[in-house]
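What follows is a pair of complexes built around chain A, which joins chain B in one and chain C in the other.
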Partner chain A sequence: MITHTMQKFPIPAYLWSEWTLTVMEKYPHRTKDFVQSYSQNQLMAKSWLVEHLKMECISDLDKKEVWILGSWYGTVLVPLLRNVLKNPRIHLVDFDNESLIIAKMLHPYITTHNIDVTFDLPEIETDIIINTSCEHMYPMKDIPMKGLCFYQSNNFRSDNAHINCVDSAEEFAAQSGIEKPKLYTTDFHKFDDHHKRYMVIGQR
Partner chain B sequence: MIHVICSRWGDKYPIDYVNKLYNMVKRHLHQEFTFYCQTDDIEGMNPDIVQLPFLDVLPESTPEAMMNSSDFMNSLPRLWDRPKLNYLVPNCWNLKGTIITLDLDIVIHNDMQPLLDLYKGKPIIGRSWWHDMEKEKLPLWRRQYAAKLNGSFYLYKDGDMQEIWEDLIKNYNKIYYVFHGGSDNFLTNRHMEKFDLVPEEYYYSFNHNGNYIHKDKIICTFNTHPSQFSRFEIHEWSKLNPEVNELWQ
Partner chain C sequence: MKNYCLKWGSKYGPDYVNNLQDMLGEDIICITEDPTGLNCETIPLPKTSTKWWNKMVLFNEEFIKGPGVFYDLDIAIKNKVDWFKPDEYMKFLYTDWIDLKQLKDITVSKNHQYCSINSSIICWDENTKRQEIFDYYIKHKEKIEFTFSGIDTFIEHRFPDKYCLYDNVNVSSFNKNGTSGDVVLFEGMI
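Let's look at the complex of A and B:
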C-alpha cells in the first residue's frame, strides 16, 4: 500500500531501500558508489537544479524530452524530474555501462546510452539537456548539442576524476557554449565554504 | 627484420639506460634486429644504436613543444608521455615489419622469443597484472580513466595501429585533456579490446611484485610509485640488489 504521506514524497525514498539491497546483492562492488549517489551533496545539487528547471519551464511542463549527460545511476534526478515534469521522456548517457544497467533496473521507463560524452556523443537536439558532471569532461562548448541546458561544475580539485574544475560561474559560463547564460553559485557541501558548485542555464 | 625502438627525453634517465637496454635486447632477442632510440640527445649513446628524430605529426607532441604547451606551463601535465604516441603513427620512420617498443625502465632477463610467438594479427601490449583486480572493477577506476594496460612493451606490425591513430589524430585535443595519466590511460579507455596482452607468466613489476627478480618471467618493469618500497629506479636497485645489478648490464 502507498499511503498519502508516501505519495507526497518528491522522491520515492522507500524504494531506495529496495534498490540499495538489490545493488548490494547483484553488484556488491558498487554498493558504496550507489549509496554515495544519494548523499546530502547529491540531493542538494540535483534538487537545486530541478528547482531552477521548474521555474524555467513553468509554462510548459508536458512531454519534455530530457537528456542527462554523465548521468551515473540517475538515482536522484530521475524521480525528481518525473515529479516536476509531466510524462517526460528521459535519456541517460554515461560511459560507465554498469551504472546504466543498474539505472535501467531502477527506472525501467528511461532510455540509456552507453557513450563517453567527451568523445562519442552524437549531436543531440532536444528540449532539455542536463549535465551535473561537467568537471569530469571536456568543456561543453565543444560538444555539439541544441536545447535548454542546465550545467553544473565545481572547484573541488581534490578528486582525481575532476579534470575540468572551474573557479567561478563566469569561468564556467565561458566554457559552456551558452550565449546568454544565467549564472548561479552555491556551497559545494556542508563542511566548508571554500568549495563551490556553479550552475549555468541557457539555450544552445 | 625486427625493429626495436625506445625513446628518451628529458633528464630522468641517463644515457646508460638506453645502452643497457640495447645490451639486454642483444642478449635475449635471437633474430636479426635494429635498435633505435627516438631522442635528440645522443651523447654517450652506443654507436650501434640508430637515432630517430621526434616526429611532429601530432601537435604539441615533441618534448619541447609539450613542455612549452599551456597545460604544462600551468602545471597541468596532461598526457605527459606524448612522444610515445609516435609509435602509433602509420609507417612511422618508414619502418616495415615487426616493431617492438620498450620503455627504458625495464630489465629483460630471458629469451624474448615467447613474446614474438604471441603475435596473432593484433598488436600486443603489457598488462599491469600487479594491480588489485578488485579495485579495477570499482566505478572510480573507470571514472578516473585509470590504466590497466602497461605500455612498457608493445609488439606490432606496421599498419596494426591505424584505427587507434585515426582516433588520436581526430581527437588529440580531447585525448590530451582527458588522459592525465598518459598513453596507457588513453589506450586502456579507448582501445583496450584492440590489443592482445602479454600474459602474466612473462611480465611483472619489480616494485609492485615483491621487490625481487622472478626468474621464469621475461620482462621486469620498474614502474615507480612514491611509496616506501616502490620508489626506486633500476640504477638505485642495482646498487641494493646484486641480481638486478647482474642483469642490468
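Let's look at the complex of A and C:
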C-alpha cells in the first residue's frame, strides 16, 4: 500500500531502499558510489536547481524534453523533475555505461545515452538542458546546444576528477555559453571543509 | 628498428639520455628541442605540443617513419629484453604492478581516472596503425589536454580498441614493487 503521506514525498524514500538493495546485490562495487548519489550535498544541489527550474518554467510545465548531461544515476534529479514537470521526456547522458544501466533499471521511463559529453555529444536542441557536473568536464560554451540551460559547478578541488572548478559565479558564467545568465551561489560542506556551489541559468 | 627517447624542458638533463643509451647497449635517437650534451643522434622536437603531450609525435607516421621502440627517460634497464614486438596498434605496457581491481573500484564513475596502460616503453613498425590517433589528437588537442591527465588515459578511454599490450614482461614500478623487474619505472619520481 502507498499511503497518502508516502504519495506526498517528492522523492519516494521507500524506493531508494529498494534501489540500494538492488545495487548492493547486482553491482556491489557500486554500492558506496550509489549511496553517495543521494547524500545531503546531492539532495541540496539538485533540489536547489529544481526549485529554480520550476520558477523559470512555471508558465508551462507540460511535456518538456529534458537532457541531463553527466547524469550519473539520476537518483535525485529524475524523481524531482517528474515531481515538478508534467509528463517530462527525460534523457540521461553519461560516459559511464554502468551508471546508465543502473539508472535505466531505477527509472525505466527515461532514455539513456552512453557518450562522453565533451567529445561525443551531438548538437542538441531541446527544452531544458541540465548539467550539475560542469566541474568534471570541458567548458560548456564550447559544446553546442540549444535550450534553457541549468548548469552547476563548484570550487571543490580536492577531488582529482574535478578538472574544471571555478571560484565565482561570474567565472562560471563566462564559460557557460549563456549570453545573459542568472547567477547563484550557495555553500556546502565536504570533509569538514567549506565550499561553494555555483549555478547559472539562461537560454542558449 | 631504431630506439627513441624524448627530452623536453629541464627536468631531465642530457645525462638521462646518455645513461639510457648505455643501459640499452644500443644507439638511441633523442627527439629534443635542446641537443646540448647528448652523445647520440637527435631529431628536433616539433612544436606541436607541450610537456608530456610531446610524446604524441610518436603517433605521427610522417614524423617517425620506420619501426621503433620508445623509452621514457625515468626508467632503469636492469636486464636486456627484446622490446621490439610490433603489432597492429601501438604496443603499451600493462600496469599489472597496480591493483587494478582496487583502482577500478575507487574510480567508479570518476571521469577518466582509471588507467591500466603505460607508455614508458612502446613499440611499432611500418604496419602499426598510429596516424588515426595522432590526427584525432591534433583535431581535439585543447579538449584532450584539458580532460586527460596524460596520453595513457587519453588513449585508453578514447581509443579502447586501438592499442596492444606486451605479454609476459617483467616490469616493476619503484613506487609499488621496488626494483624487481627487468625494467624499473620511476614514474616521474626522479
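Throughout what follows, the second predicted complex is superposed on the first by the 199 of 204 C-alpha atoms of A that agree within 3 Å, B and C clash if a C-alpha of one lies under 4 Å from a C-alpha of the other, contacts with A are read in each partner's own complex, and residues count from 1 in each chain.
Please note the rule applied: contacts are C-beta pairs under 8 Å (C-beta built on N, C-alpha and C of every residue); 3 or more make two chains touch, one makes a residue touch a chain.
What you are looking at is a predicted structure, and each value in this text was computed from that prediction instead of being measured.
Participant: Look at where chain B and chain C land on chain A after superposing the complexes, then choose clash or fit.
Facilitator: Chain B/chain C on chain A - steric clash.
Participant: With both complexes superposed on chain A, which partner does A:W19 reach: first (chain B), second (chain C), both or neither?
Facilitator: Touch status of A:W19: no partner.
Participant: Do chain B and chain C land on any of the same chain A residues, and which?
Facilitator: Looking at chain A, the two contact sets intersect at 29-30, 33, 95-96, 99, 118-119, 136-138, 142, 160-161, 163-164.
Participant: Using the touch definition up top, name the residues of chain C that touch chain A in the complex.
Facilitator: So the residues of chain C in touch with chain A come to 104-105, 108-113, 140, 143, 146-147, 157-158.
Participant: Provide the residue numbers of chain B that touch chain A in the complex, in ascending order.
Facilitator: Going through chain B, the ones touching chain A are 134, 137-140, 142-145, 171, 174, 177-178, 180, 190.
Participant: Note which residues of chain A are touching chain C in the complex, please.
Facilitator: 29-30, 32-33, 72, 95-96, 99, 116, 118-119, 136-138, 142, 160-161, 163-164
Participant: Going by the contact rule set out above, which residues of chain A touch chain B in the complex?
Facilitator: So the residues of chain A in touch with chain B come to 29-30, 33, 95-96, 98-99, 118-119, 136-138, 142, 160-161, 163-164.
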